[in-house]
Amino acid sequence: MTAATSVPLLEAHRLSFHRQDEPVFAPLDFRLNAGELALVEGDNGSGKTTLLRLLAGLLHASEGRLLWRGAPWQRDACAGEILFLGHQLGQKLELGPRENLVFATGLHGRRDDITVDAVLDEVGLAGYGDEPLRRLSAGQKKRAALARLLLQPAALWLLDEPYANLDRHGIALVNRLLERHVAAGGAVLVSSHGAVGFHGGEPQRIRMHA
Amino acid sequence: MTAATSVPLLEAHRLSFHRQDEPVFAPLDFRLNAGELALVEGDNGSGKTTLLRLLAGLLHASEGRLLWRGAPWQRDACAGEILFLGHQLGQKLELGPRENLVFATGLHGRRDDITVDAVLDEVGLAGYGDEPLRRLSAGQKKRAALARLLLQPAALWLLDEPYANLDRHGIALVNRLLERHVAAGGAVLVSSHGAVGFHGGEPQRIRMHA
Amino acid sequence: MSKWIPLWLHKLGSPPTFYRFAGAVRPWAMGLALLAGAIGLYGGLVLAPADYQQGDAYRIIFIHVPSAWMSMFVYAVMGVSGFMALVWRMKLAEVVAMESAPIGAAFTFITLVTGSLWGKPMWGTWWTWDARLTSELVLLFLYLGVIGLYHAFEDRRQGARAASFLAIIGVINVPIVHYSVVWWNTLHQGSTVNVFGHSKMAWDMLWPLLVMTLATKAYYAASLCRRARTDLLALEGGKDWVRQIAEAEATP
Amino acid sequence: MSRASLPRACAAMLRRDLLLAWRRRGDLAMPVLYAVIVVVLFPFALGPDLALLQRIAGGVVLVTVLLAMLLALDAMFASDIEDGSLEQLVLAPQPLALMLGMKILAHWLATALPLVVIAPLLAGMLHLPTTAIPALLLALLLATPLLSLLGAVLVALTAGTRRSGMLLALMLLPLCVPVVIFAAGAVAAAQEGLPWFAPVAWLGAALILCVVLAPLACAAALRIALDA
Amino acid sequence: MSRASLPRACAAMLRRDLLLAWRRRGDLAMPVLYAVIVVVLFPFALGPDLALLQRIAGGVVLVTVLLAMLLALDAMFASDIEDGSLEQLVLAPQPLALMLGMKILAHWLATALPLVVIAPLLAGMLHLPTTAIPALLLALLLATPLLSLLGAVLVALTAGTRRSGMLLALMLLPLCVPVVIFAAGAVAAAQEGLPWFAPVAWLGAALILCVVLAPLACAAALRIALDA
Amino acid sequence: MSAMQHLLAVGGDAAAFFRMGGYAAYVWPAYAVFFAVLVADTLAPRLRRRRILRELRGRLTRQAARERRATSVSRSP
């Protein structure tokens, strides 16, 4: 994608989030450069999902500072540069994978170097393009959501447990996607309980403590 | 739990299930004795979930025979002996883990040797007993569902991806539960993409082919 | 349980056999329907004299009453085959029940429309909310409900079973339609035709009515055969005998 | 270990559904509010002609209450299907019909009873003569559980489908018509000072029949609809 | 790579929502059927007195159509919140207000328009004089989008809460009343052969104001509601 | 009176026949609806049959293609 400057893409200083005046996780400090991958680690309920939603701009930090490309985080500055994939896949169960993808590209833009069919093929949904998602298995639904990673342009990926429900081919697929994105200068934050097999150097680890 | 006779608990002969007259998986043959664990393996969309729902009695087999303790499968014969845990957890999001558990025991009966509080403690939800499930993290919801395994009496467990969304303590917990159940003479069918660490001998494997 | 079903029925119940059987029956039934229809209409529209009270308007009777009878008859058939579909899980019974529904709905619709067209000159209104008219309208809704429920399911066989269940529940409405004129005092005519005993109707008018009744019954048989054949093709898409038919018809 | 006894299972079912209703009490108040809105809007839509309002009051209140019930009916099993609770219920060793009967009872208590309670208020807003109010209440007390029971069977039938809303309405209409006819007949008779026992007796007889048969039908329908 | 242009994004939004509406057409037909049921039930509840029916026809059709719309309003964002689509919309680089405007448009096209189309039929079933039908249609064509827009703001406000149903109804009632008054005024005037331009003009003015402001308010409300 | 004679007698006045004693506006639409609905009921399954067979042939071709691909893939490694 774009610039691999010396300014980190994302930088957090003593970042924390409170629910009903109680901190969900201890204040965090980290910086993520373009071309880097960071793992968000922690036990169930330690606040991984909360952190990712915070970074995506769906929640407001209660304390601390968040910088995007060196400047204070602002919605408009990073609009369209962040791709967030959460526990809820954001896909319509009545539509097929293809229709869902086409809508997503209409909203978020798309890469020129790849077609929808090629994407569906790559995530292993060839032949299922027009089947309503409701009729797909758990793993197939997940793959349909992952297809967005291939098609949409974004500098930063925020992936919440992308490996859940996938078989070993699916896990390999996610690892391949991560490597490719990082190699192309993108940055990734992944939360996961194992299963990450990343071949591009030791990733940064962000540990969550409740 | 009960008898470890020579009659297998569950026996399938050329079992298959059709959707719109097309087979979802190739005809299956297997037998499961009390005190045994079987892994259901297969890629995404190969029919694991379908098989487990079939065995639970939620779907009707299209072809083949299914025997329960040697006699043809009948709803009444195995009512209350099967515990099924699917992708959907069957828990009410408005209720807390404790309320959900109490309801489940009201419906399915309960073991005498353990209390609800002890169960919540064991699955790592101590202190979350009265929090509505809606406010729990993905992994915590899963644990609330798994608590039923401890509290409910059942000869056969049918678990569909019990490891998804769990951290390593959670995975260890599931493995511990499986071992204990099998040691007590229960039988288990687990579908999973890895993560099973079973110390009670090499489990039987049921491979699904579309 | 399937032991109770006689052997010949069991054999006929196999889809390819029934497909061929229905194919053989259909032209005969259709021929009978056309012939009886022609005779009945000629008798009713041309030969029968005008009514001394209603003038020529009464000639609607030759389609109204047979259609009204069919609307109830078809529902009964649907209910019975629906019951068989549920109890014995017979594919053929499912097909018969589900393919009867649109035909029955068509006859019910005809009854309602011809009834209102008759009501305007006779009662001075297209529609009143009296017991027979309302229960016939309810019958139409029941048919539509059955059809809708059938198509709402993604799995056709499951849809057929659910819709059969609804059809069975709705069977109570059939006696209500029939006896509504007895139980409630209504605007609509009471029973005037009695096939076995003494009818209140002149023979000149009665025989075309009976012939038209035969015609509609034959038409139902013919239409059901065609629809059942079509449905079997859809249901048995995975089987060889259907594939052969598909490939055979691809050549022209 | 102890198997769950039947009374305990029934109690558990009833308790859970009422608890859930309480937790979602906002959603529950919806039918009531809806009925109030209708009754408030009518005078605005028709103009404040007292005699006219009085003339239609009984009918409007009846139709409104029944429609408000229909609103809530659609959701009877929806959330249970979505989160898999219904599967667990089907797998439980208890007789399904009985459990469903409990669910229907809880649903009626939570949605229809409040409507019946405010019905006199609604009737008062439309100036229904007080003499007709006992008839209205009795008719509603018989008609609402009847609709709950019949509706439950149909909702169960559409449980496996995606487009349940329309179908449900389509299938319910034929069932509503006779109920409305008898209930309205009772109210109209009472309003005119005539005896109104006969139509209410019919409703009662239908209710008794339904209490016995509907849960069984509901269980059968549900088993059919979920098997996919 | 290509950023999505604004017109393309709008088109994508509209297309998707209409496609979804089509896939769930069963649910969509629900308000229409619901309106039909109401209109069928009324004669039963009130007795088949032609003059009476004619007298109340306009008001009943108006109230029925608006209520049927309210029914569907609740679901405007519900499924999008549940499956996370709304989050994705908020994160998209497009102006949220515009996207929501498209959603409201699609919702109106899919739920209100069919109601407006069958309104003359409903009016006919209740024997409304044909002279009043143009006024009824025009009043509905202005009143329904008004309600969609206002409703959307309220739905957005209640999006994050669990008990949205009651809140929504409670907040919508005060908004419905003036709309009903003006619309019913127009129909009543037309029925009596009086000029009915003034009330319709008021509705039109309100609609124009809302078309501009409601999407912005909706976007602001949604951002507030989702941040939890 | 033979049927032929009768036809001549009545059919001779075709206009009167079509007038239906003043009730033409009710009788003929009724018959028209009767025939129109039954004709539609006859035609609908024909169209459906054609569509079903077309779709089935499509499915068969797709399946054949998939099988060919599957065998070639399993041979390659």
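Lettered A, B, C, D, E and F in written order, each chain numbered from 1.
Keep in mind that, in the parts below, a contact is a pair of C-beta atoms (placed from the backbone, for glycine too) under 8 Å apart; a residue touches a chain by one contact, two chains touch by 3 or more.
Bear in mind that the values here come from a model prediction, so they are computed numbers and not experimental data.
J.: Ignoring subunit C and leaving every other chain in place, which groups of chains are still linked through touching?
T.: Groups after removing subunit C from the contact graph: A, B, D, E | F.
J.: Could the interface between the copies subunit A and subunit B be described as same, meaning over half of its residue numbers are common to both, or is it different?
T.: The interface of subunit A with subunit B is built from mostly shared positions.
J.: Please state whether A-E or B-C has more C-beta contact pairs across its interface.
T.: When B-C is set beside A-E, the one with more contacts is A-E.
J.: Could you grab the centroid distance between subunit D and subunit E? Build each centroid from C-alpha atoms only and quote it in angstrom.
T.: Centre-to-centre distance between subunit D and subunit E: 26 Å.
J.: Which integer distance in Å separates the CA centroid of subunit A from that of subunit B?
T.: 31
J.: Centre to centre, by mean C-alpha position, how many angstrom separate subunit B and subunit C?
T.: 49
J.: Can you give the whole-Å distance between the Cα centres of subunit B and subunit D?
T.: 37
J.: Return the residues of subunit E touching two or more other chains; collapse runs of consecutive numbers into ranges.
T.: 24, 26, 44, 162
J.: Taking each residue of subunit C in turn, which ones touch at least two of the other chains?
T.: If we look for residues of subunit C contacting two or more partner chains, we find 148, 152, 154-155, 237.
J.: Which subunit A residues sit where two or more other chains touch them?
T.: Where subunit A meets two or more other chains at a single residue, that happens at 87, 94.
J.: Which subunit A residues qualify as touching subunit B in the complex?
T.: Answer in residue numbers: 42-45, 48-49, 87, 124, 136-140, 142-143, 161, 164-171, 193-195.
J.: Within their complex, state which residues of subunit E touch subunit D.
T.: These residues of subunit E touch subunit D: 24-30, 33-34, 36-38, 40-42, 44-47, 52, 55-56, 58-60, 62-63, 66-67, 70-71, 161-167, 169-170, 172-173, 176-177, 180-181, 184, 188.
J.: Which bits of subunit B are touching subunit C when the two form their complex?
T.: Listed in rising order, the residues of subunit B that touch subunit C are 18-22.
J.: So in the complex, the part of subunit F that touches subunit C is made up of which residues?
T.: Result: residues 3, 6-7, 10-11, 17, 20-23, 26-27, 29-31, 33-34, 37-38, 40-42, 44-46, 48-49, 52-53, 56-57, 59-60 of subunit F touch subunit C.
J.: Going by the contact rule set out above, which residues of subunit E touch subunit A in the complex?
T.: Residue list for subunit E touching subunit A: 1-4, 8-9, 11-13, 15-16, 19-20, 23-24, 79, 82-85, 87-94, 99, 226-228.
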